[in-house]
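The same subunit A turns up in both complexes below, where it pairs with subunit B and then with subunit C.
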Partner chain A sequence: MTADMTTGGGSSDAAAVALQDIGKSFGETEVLKKVSFQARKGEFLTLLGPSGCGKTTSLRIIAGFEDATSGDVMFGQTSVNDLPPWRRDIGLVFQNYALFPYMTAAENVAFGLKMRRVAKAETATRVKAALAQVGLAGYENRHPRHLSGGQRQRVALARALVIEPKLLLLDEPLSNLDAKLRGEMRYELKNLQRATGVTTIFVTHDQEEAFSLSDRIVLMRSGEVVQYCAPDELWSRPATAFAADFIGVENLIPAQVTAPGQLTCAGGLAVAPTTVGFAQGAEVILGLRASDVAIQPKGGTGLPATILDGEYRGRERLYRLALPGLERPVLASAPSDIAFDGEVTLCLPPEKMMVLHDDR
Partner chain B sequence: MTGKRDIPWLLASPGILLVTLVALLPAAILIVKAFQDVDTGALTLENFQAIFDSKIFGQAFWRTLRIAFFVTLVSVIGGYPLALLIARANPRYSLVIFVIVLFPLMVSVVVRTFGWVVILGPAGIVNEALMGIGLISEPLTMTQNEFGIVVGETHLLMPYMVLALLSVLRKLEPQLEEAALSLGANPLVAFFRVILPMTVPGLLSGVLLVFSLAITAFATPLVMGGARTPLLSTLVYRYALTSYDWASAAAVAFVLAVIAVAFVAVQKTVAWMWMSRHEF
Partner chain C sequence: MNSDRFLLPAPVEALLWKLGRLLFHVVGLAWQLFMVAPLIIVVVVSFTSASYLMFPPPGYSLDWYREVLSLSWIRSAVTSSLIIATCATLIAVVIGVLASRVLAKRPFRGRGLVEYLVLSPLFLPGVVIGFAIFNVLVMIQMDRVAMPQMIIAHVMITLPFVIRSVWASMAGADISLEEAAQSLGATPAQTFWHVVLKSARPGILAGAILAFTFSFNDVTISIFLTSSRVTTLPVQLVSHIEYNPDPSPAAISTLMIAITLALFVFLARIGGLNAFLER
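Moving on to the complex of A and B:
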């Protein structure tokens, strides 16, 4: 899938970084197959996908640690294929922080400025400001081993940002933090990125992080881009069954297009989604979120169903229901204040149905 | 009655007994002998006076330190890149290099040293080759001198340096170097500013191993150095078994032990200072 380059004009929309038909092989194994995407200036772009999808390899190619087998990495209008990492002017944050253990927080942050031969007085000011920016004023002389995981991650961020890089690369920076801290850091990361306006490429396997942080998401799988779009579009219109599955669409039912606007699910249940877009006879996947399936007391219009079990999830309850004609149970969520049991009526809204190409 | 706390001592007692009998006791006897008059048995410093006055001791003393210094230096310069290569190379190649580096440790010292005589001797491979292509007309003297000893000992001791360095290099996260590169350090700067400081502990223990083994080496200096280039270790042998001068032999051995202990003390101090300064 190629990049969507139609939006807007003007310099602010110019691509700060672009991957053009990047291919990468390690020996016989092809880990990237003609991957293309771009990040506009100031954009927060996320590479999302399961492990082994090529997201980290893409990041390493942008950083210059790996050479692409084919294709070009462009910074603005220039190809950086032959530029070594230390000349690319990037800020990089790793999952394991990679702080220099024998240097203090301030010395860690100052490293990039020292390499750029920034004057001592200016270095001191900028290091102080960078640490203050990540909420670590007063921690200048601490060594990494005297800092908590969250604080180390902040130092790593300050170290990457203090050099005012053209591009900030984040390799699963939140994965080593516990759940509560991860939420806080996510919020701060977003604020920091907005405040500095630095073009950011973020690698994660966590769809929640991707949705909450990104301006656009590149969903990858086995070295290919599956979908490249804004988070809300990925949420509402996943391109394929894999995309739907990855972002957590609970019900994925094999079906066949029997007539225009008409699907028959495996097992015989006929449904009529509002959009289809597949030729008659095509094998497809019908996707439907549990939250979009409505459960009603028995009677009324809808499909008769039997509740197999219900799982309490706080505000809501997640039910597994057996539908006559369907082999696998349907998942549906309903507010937890009413408990359903036994025979119910199920409403599958046609406008919420996603008809997907089966690429799983 | 034996309590629980006595069990480790009990289990270790054969080992303790052995070490006491074959190492500690002879060492104690040696120290006493070094300070005793051979005939009367009275305590004296004459033995040391005698060896300090002899020219051959002074030469051997400085030669021992010089050779140990060069062996350590060459082991660091040669061993570091090797360790780096083994730590970084693709596992298949790194195993091959690793085995080649460790191979000298599996061959008898005497065999290995005579191998060097074959290579470096007056009619050895190197001299034959150099004379064959006409670079030299007279064979170079590469054995029976300090050069030969340094070559032989370095070959023997470099593996220890490589092993000591590998133990720290293998624990080094590759991201540290990548972080340095991304911050604008070229690979050379990244090496000296990030990798080297992180491997100082391994370097220090490698230096300790190589230097103390180098000052006490015996077979290599004997074969490669010959009679004209005695070291403290070969001097002990000569006093004890050639001239039957046990008092001088004991005194020289004592000096050698003092050098070894002093070096360990210096190394430990440097290591301790470095560690505390860098908060390891």
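Moving on to the complex of A and C:
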């Protein structure tokens, strides 16, 4: 991953697909508000967000099934606003796969080639190769109803990829699979995308999928882009309290900036993270991961705290602790082989603290 | 747990269960007998050698078929019945598929009214429709154009059957299939042909079968529109029964049953009936 991958913008001439100030309203309801992002050629871009954030609508606008109320969808240097879906050259995988039930796997995969009037012999070779690529050689004559969920998923992928699309759009394609299969398919999806080098836009509400698959992530909320960056940046520097909450930062504590480098949490506890970009007196949210809060036996340097309860999580244990000076309990995780109880000492490292705009 | 619940002793319960199942089978069998028995009697009687109706027949022969086939009107009646039913079905299927597509799509203003209009022949008595069509035809002096008026009337009355079954299968169709086709490069016309029609095929076939049989067997509407030149088999059969107390109507009835059955066998052969029954 190159350094400029981590920046939001990037140079626009390399963009394979770009949304520019896309707005979309259904009647009175505004579902997209000036959404802009772009995917470079060969990039794996993920639209991440809770349901209703506008990620699927964005995808449908790129595919051409919805018209944007304002703004432009660009493929390379040209606007495709007026291009109907069947001329956009897009491979699309639906959440429910949308395989044609009355066609065999091979016929499903051949459909796009048939529409493009590709010669019969070439179609046969390409269909065979596409099915082999997704590990379904020998399943050519099966109907979708005789395939498992994972196999249907692969047929849908082969069908979308065999037309060698300019762009691959994936609408929550893993959400209908069970947990184990989801992990496997995630791995295969990434390999397939690398092998074909196709520019991919992936829609999901699952942050884990987003982190493991993406080159960049567009985090969305209520029709707006909250953060647009590489996965490691989203992980280490969520832009707002919403972003931090969504990617699973456990401790989000209301606080106020009292002086540069000084915060006072609700309840009175004073901490000292960096507060660059925040004015004195600003109401903020202090974010801290449970894994960054260190628990020590009573007596060390740190803050005295009382364990309220602990939840066994396998490798680790997640504790809720009462800390004088904080209104709500603090969450902290520690290896599960040592069980803490009663009075302990907590260490809240200032360098791990995130100071966040409260946008929740 | 439910100590206060009243329970029959297990053997009694088992016995009741068995009796219930027996009753179920008996009723089912009786119902089938009741449906089929009269038809079987008609078919058997048509092969009688006697010149009067009697069951069981005193002897068997093909006399009445010879008699029926020598009737002056039989050939033209069968031919026009088949032509009318085929044409009416084809037209009704084309119109019905298009209408269903519109109805199954997003709601539009006045859709409720359109629904009632296209389905109204289902609720109205056939005699009323026949009488109404007859009056209109007389008014516009079209009552001399025999065959087309019959076909138009039959399209009118069979259309609801087609729309009802095609609409049902289209309304349940997955919209993402159409989008998948379009993303793969299918134009709306190609999508309609390869996806919408294919998905609705069972409904279309079911509707066509209903339409054809209804048109082929209709009396109430056709009776207003028959002329000396064009008449249908069921209409002729009705008037024939009126004046002939002999077994020849039984032979005609048997012929009609045979034609309808042949249609179903043909559809089963081309696999249509399978698709119809599967869903």
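As a working rule, the second predicted complex is superposed on the first by the 344 of 360 C-alpha atoms of A that agree within 3 Å, B and C clash if a C-alpha of one lies under 4 Å from a C-alpha of the other, contacts with A are read in each partner's own complex, and residues count from 1 in each chain.
We take it that a contact is a pair of C-beta atoms (placed from the backbone, for glycine too) under 8 Å apart; a residue touches a chain by one contact, two chains touch by 3 or more.
Computed from a predicted model, the values in this text were never measured in an experiment.
On the shared subunit subunit A, the superposed partners subunit B and subunit C overlap sterically. Contacts of A:143 after superposition: subunit B is touched, whereas subunit C is not reached.
By the touch criterion defined above, A:63 lies against subunit B and subunit C together after alignment on the C-alpha atoms of chain A.
In the superposition on chain A, A:94 contacts both subunit B and subunit C.
Of the two partner chains placed by the overlay, subunit B and subunit C both lie in contact with A:163.
Residue contacts after overlaying the shared chain place A:111 against subunit B and subunit C alike.
Of the two partner chains, neither subunit B nor subunit C is touched by A:152. Across the superposed pair, subunit B and subunit C both touch subunit A at residues 63-65, 84-92, 94, 96, 98-102, 111-112, 115-116, 159-160, 163, 169. Contact residues of subunit A toward subunit C in the complex are 63-65, 84-92, 94, 96, 98-102, 111-112, 115-116, 159-160, 163, 169.
On subunit A, the positions that touch subunit B within their shared complex are 63-65, 84-92, 94, 96, 98-102, 111-112, 115-116, 143, 145, 159-160, 163, 169.
Residues 174, 176-177, 179-188, 190-191, 194-195, 198-199, 201 of subunit C are the ones that touch subunit A when the two sit in their complex. Subunit B meets subunit A in the complex at residues 173, 175-176, 178-187, 189-190, 193-194, 197-198, 278-280.
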